[in-house]
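Dropping a structure here in structure tokens format, bear with me for questions.
Chain lettering (A, B and C) follows the sequence in which the chains are written, and residue indices restart at 1 in each chain.
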Amino acid sequence: MGKAHIGMLTDKVITMNKFFGNKPAIFIFAFPSLLLFTVFVVYPIFPEILISFQKNDGFKSMGYVGFKNYADVLQDKTFWRANLNTFIIVFFSTFIALPISLLFALVMDRLSDPMKRFFKFSSVFPAVLSVTVIAQMWIAVYEPMWGLLNSILRALRLNNLALAWLSDSRTVVPAIAVAFLWQYLGLNALLFYTGIKAIPKTYYEAAMIDGAGFFKASIKITIPLLQDVTKYLLVLSILGCMSQFAHVRIMTGGGPGDISRTVVYQLYYVAFSTSDFGRGCAIAIIFVIECLILTFIINKFVAQERIEF
Amino acid sequence: MRKFWKTMLIVIVFSLLVSLVACAPASNNTTPANSNVSTGGDEQEQKPAEKVRIKFLSLSSDENRNNIREKYIKVNVSKEFPNVEVEYDLGGGGQDYANKLKAYNASGDMPDVWFSEQNLSTVVISAGNALDLYPYVIETGFDKKFKMKELVQPDKDGKLYCVQPGADQYFTPRLWYHKDIFEQYNLETPKTFDELVSLCETIKSKGLVPISIVGKDGWTPNLHMVQTMIMAEDPQVAIDLANNKTDFSNPVVKNALARIQKLVQIGAFADGVTNIDYGPAIEMYTSGKAAMLAMFSWELGNLETASPDTDFIPWPSASESVDPNNVIQYWGAPLSGYLASANTKYPEIAAKFAMFCAEQDALYYNIEQKAPTMLDTGIKIEGVSPLMQKNLDQFDAAKIKVPSIWAATFNAKMSAEFATENSKLLTGKYSPDDYIKAINPVWAENFN
Amino acid sequence: MVNGKCRVLVNILMILIGLSFLFPMYWMLNISFKSKSEVYDNPFGLPRQWVFNNYRDALEKFNFPRYLSNSIIYSAGTIVLTVFLGSMLAYCISRMNWKGKGFVLSYISMGLIIPVQVVIIPLLIMTRSFGLKGTRMSLILPYSAFALSSCVLMLYAFFRSLPKELEEAACIDGCNIYQAYFRIVLPVIKPAITTQCVLIFMNTYNEFFLAFILGAEDKIRPLTVGLLNFFVSIGVSHWGQIGAAMIITSLPTIIVYAVGNEQIENALTARVALK
């Protein structure tokens, strides 16, 4: 290490700094994306806030009405019903669908290779199909007279359980939740499985020596170490549930009446069916706040520590 | 590395090209080939060769509408309006059409003449953008051609904004039934609502669906059933509603809602009715799974062809003072038809063109569809089936004719909320009181 | 210890569950060969009478080629725009020196929290005023904007893992930053770009809400909306035709999935694996 060498290193640092400090290049690289992003993702919030304070029919503004739109929305029984429905779906997703996916992943880990490949292939399959196709398929499953579900129930002589699933106010929201979540059960299982694969086998070997079976090993080792993945999936699936629209629109149109509406559906209905953009924007702003709160809660309370192996 | 950059470039250029092509707006403004230089040069010399240009916006997603425009309006316009050049604006249909019209309205720049349904027409009229056609209608004697005078009467402000062929007004809701099924089980057609209820219970016990209706988005209650149930007890209440003289807390209205609820609760409608759409509802009747069908008479032709044993009865009454044969609910709305712009440069021509279009419309219905219209075109309709004749005869004989409240008076919000409430009513678990509580505030703002 | 019997049981269970996920495929195929009435009488068994003209009838009324090409245009357009712009931004944030790059990173991450449904109303108004209503750009631009967040974040992580020697070597050879980026760095992260392409494709191809509201005109309609329109207005009571339309629509995705499912699975799980 002579002085010349150190000189060369410093030279390199200086050149690289110049190379990476190329201001016009930075601008060219960054500006287009930031422009696109700002115009279509960030900027729209501002006119939206403005319109939420107006009486607006979608074509022109008819003056500012202060907080009236917000008051109307918050006093609307249908809006609260929509929130309830949305949270029922979130509940199903978090406490039923994700655990099932986790269970699938845990079992998958123990399967033989051919079984693993088969299960991976078939369980992810619904996720690649179009949402329109899946929703229509479930309409046929839930059909009261000749649908799959009721046909099975009648074959099992459980006729009085053969309800009109999508027309009965007690069952319509869980029915939609099942149809929606079913599509991603396999995909989420795969994501969990990827996380499980990353856990070094040494942990399990140690556990086996200590005599732990499938369940104990899973609970004590796998699940805690999956915290990162779980958090990622939680955020993804909860945001996905909050913005659920297609299945409601295709399967029941929010019906019967407004019984199965979700928050996004209510936004669509108010803005486009009743031509009230002012209230629609108010709903949108409230919705954003809800999403932010949820994300914040998840970030704060799940997966506090970084997992290092 | 060069290759990669090259491929990227090609892909980008290709996508840009594609999107440039794709960027061409989707709806076309066609300038027609019917320039009016046809008629003999001598006649033209008498008038200065000044061609008037008017813009005409019409629906283009509907078979009927397209046929009317292409085969009747375009063909006959040069005869009636030799100095006029019409620019046809094809507006698509449904929500697209509505948006287009609303956009024109918001900018104040309406086409000279256009076609719109009631709820869109009211938006334009309240913005002050529609022309009063009444003076021109009287001047040309257009009003004398109508069998139903109400269609060309001015409104309470003395203005008439819309002219129409009056085909809709012949459509009325009926209770269609299978003569064969009734014979098979020895059933009697009901004359009162109570008879209808017990009839439904009997039919249900035989394993059939008593009445097939379109439950999706509350379609059947929306378009006629609520009003039918009101008129079964007291037609005057329906008229009062149409004129904003009463609201939904009227006891007759409440009874009407309760009747629909009762039908749901005794199982008169199929399971999962709230999800049954138009096509499947008709299918359920024509395939024999349902004994009766609640539907407008515009389906008469199709029903007859699919099920020759079809017959109909007028809706049963719920009060002794109402004779079912004497009361008719008719479809159509005073403001569904052709309107002209208040800001047009040629009001007389625009008004006359609007009336011309209404006539062409009527001609189409008379000739192609063999359907009668309130606007008398002088065409005699031949080859009408006995069932259709029975329908028309009963229609003409009924002395009390009430327009459809849904078509004629509801604004966008009222339509949407009414549909929501009706859909809930069809679950059988929604009380009329809750319904009334929910709908009255919306109704209060309906006529603003 | 997992004993033999238990293992057999679990295997059988998993096979059944796996098959149930494949059930939609069987069911669609099944009803597409049935007549209208047989669908009602015998919805889930094999067709007693094989009917083949459902496909022809459906194709007549369902403008599959147009909707498919629209879907592909949207997916391809979004992929190109997002990957091109997003990779540049990611590179810029991860490698170049400038103030505020930390801020920009958090700024872009905001896109992950905002669901696209939130801004639909202003988007509609904006597309009208920019004159984009009824064009395909009205969908491609918002799709790309929203896809930028996850693209930039993933590529940022990838870029960070690249050794600095890469650019140093290029610099010595006399390249400027543009050449270094396009000729040397980009090819190295090709796997990440492929992953992004797959992800963006899957998200855009199946997107419903934006397409439903902004892409409603028939000319620019993608498959998700076109198919729904077919179900609701044309095929509506003919389940045989509905089944045929569903198969036709799903065929491209099924083929792609069957051929490339390994890569797709890798792509879908890349985000998790990256952690």
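The rule is simple: contacts are C-beta pairs under 8 Å (C-beta built on N, C-alpha and C of every residue); 3 or more make two chains touch, one makes a residue touch a chain.
Predicted, not measured: the structure shown is a model, and the values here were computed from it.
Student: Have a look at A-C versus B-C and report the one with more C-beta pairs in contact.
Tutor: A-C
Student: Measuring centre to centre with C-alpha atoms, which chain is farthest from subunit A?
Tutor: B
Student: Quick one: report the Å distance separating subunit B from subunit C, using the average Cα coordinate of each chain.
Tutor: 40
Student: What is the distance, in whole Å, between the centres of subunit A and subunit C, each centre taken as the mean of its C-alpha atoms?
Tutor: Once rounded, the distance between the two centres reads 15 Å.
Student: Where does subunit C touch two or more other chains at once, residue-wise?
Tutor: 81 - these are the residues of subunit C that touch more than one other chain.
Student: So which stretches of subunit B touch two or more other chains?
Tutor: Subunit B, residues with two or more chain partners: 95, 103.
Student: Which subunit A residues touch at least two other chains?
Tutor: 143, 145, 272
Student: Can you name the residues of subunit C that touch subunit A in the complex?
Tutor: 1-2, 10-11, 14-15, 17-19, 21-22, 24-25, 27-28, 31, 39-41, 43-44, 81, 85-86, 88-89, 91-93, 95-98, 104, 107-108, 110-111, 113-123, 125-126, 141-142, 144-146, 148-149, 152, 164, 167-168, 171, 176-178, 180-181, 202, 205-206, 208-209, 212-213, 223-225, 227-228, 231, 239, 242, 246, 249-250, 253-254, 256-257, 261, 264-265, 268-269, 271-273, 275
Student: Would you pull the subunit C residues touching subunit B in the complex into a rising list?
Tutor: It comes out as residues 37, 73, 76-77, 80-81, 84, 128, 132-137, 140, 182-184, 186-187, 216-220, 232, 236-237.
Student: Which residues of subunit B touch subunit C in the complex?
Tutor: 1-2, 4-5, 8, 11-12, 15, 18-19, 22-27, 92, 95-96, 103, 277-280, 283, 287
Student: Going by the contact rule at the top, pick out the subunit A residues touching subunit C in the complex.
Tutor: 12, 15-17, 19-23, 25-26, 28-30, 32-34, 36-37, 39-42, 44-45, 47-48, 51, 104, 107-108, 110-111, 115, 118-126, 128-134, 136-137, 140, 143, 145-148, 151, 185-187, 190-191, 194-195, 198, 213-214, 228-229, 232, 239, 242-243, 245-246, 249-250, 264, 267-268, 271-272, 277, 280-281, 284, 287-288, 291-292, 295
Student: Subunit A touches which residues of subunit B in the complex?
Tutor: These residues of subunit B touch subunit A: 95, 102-103, 105-106, 215-218, 270-275, 412-413, 416-417, 420-427, 429-430.
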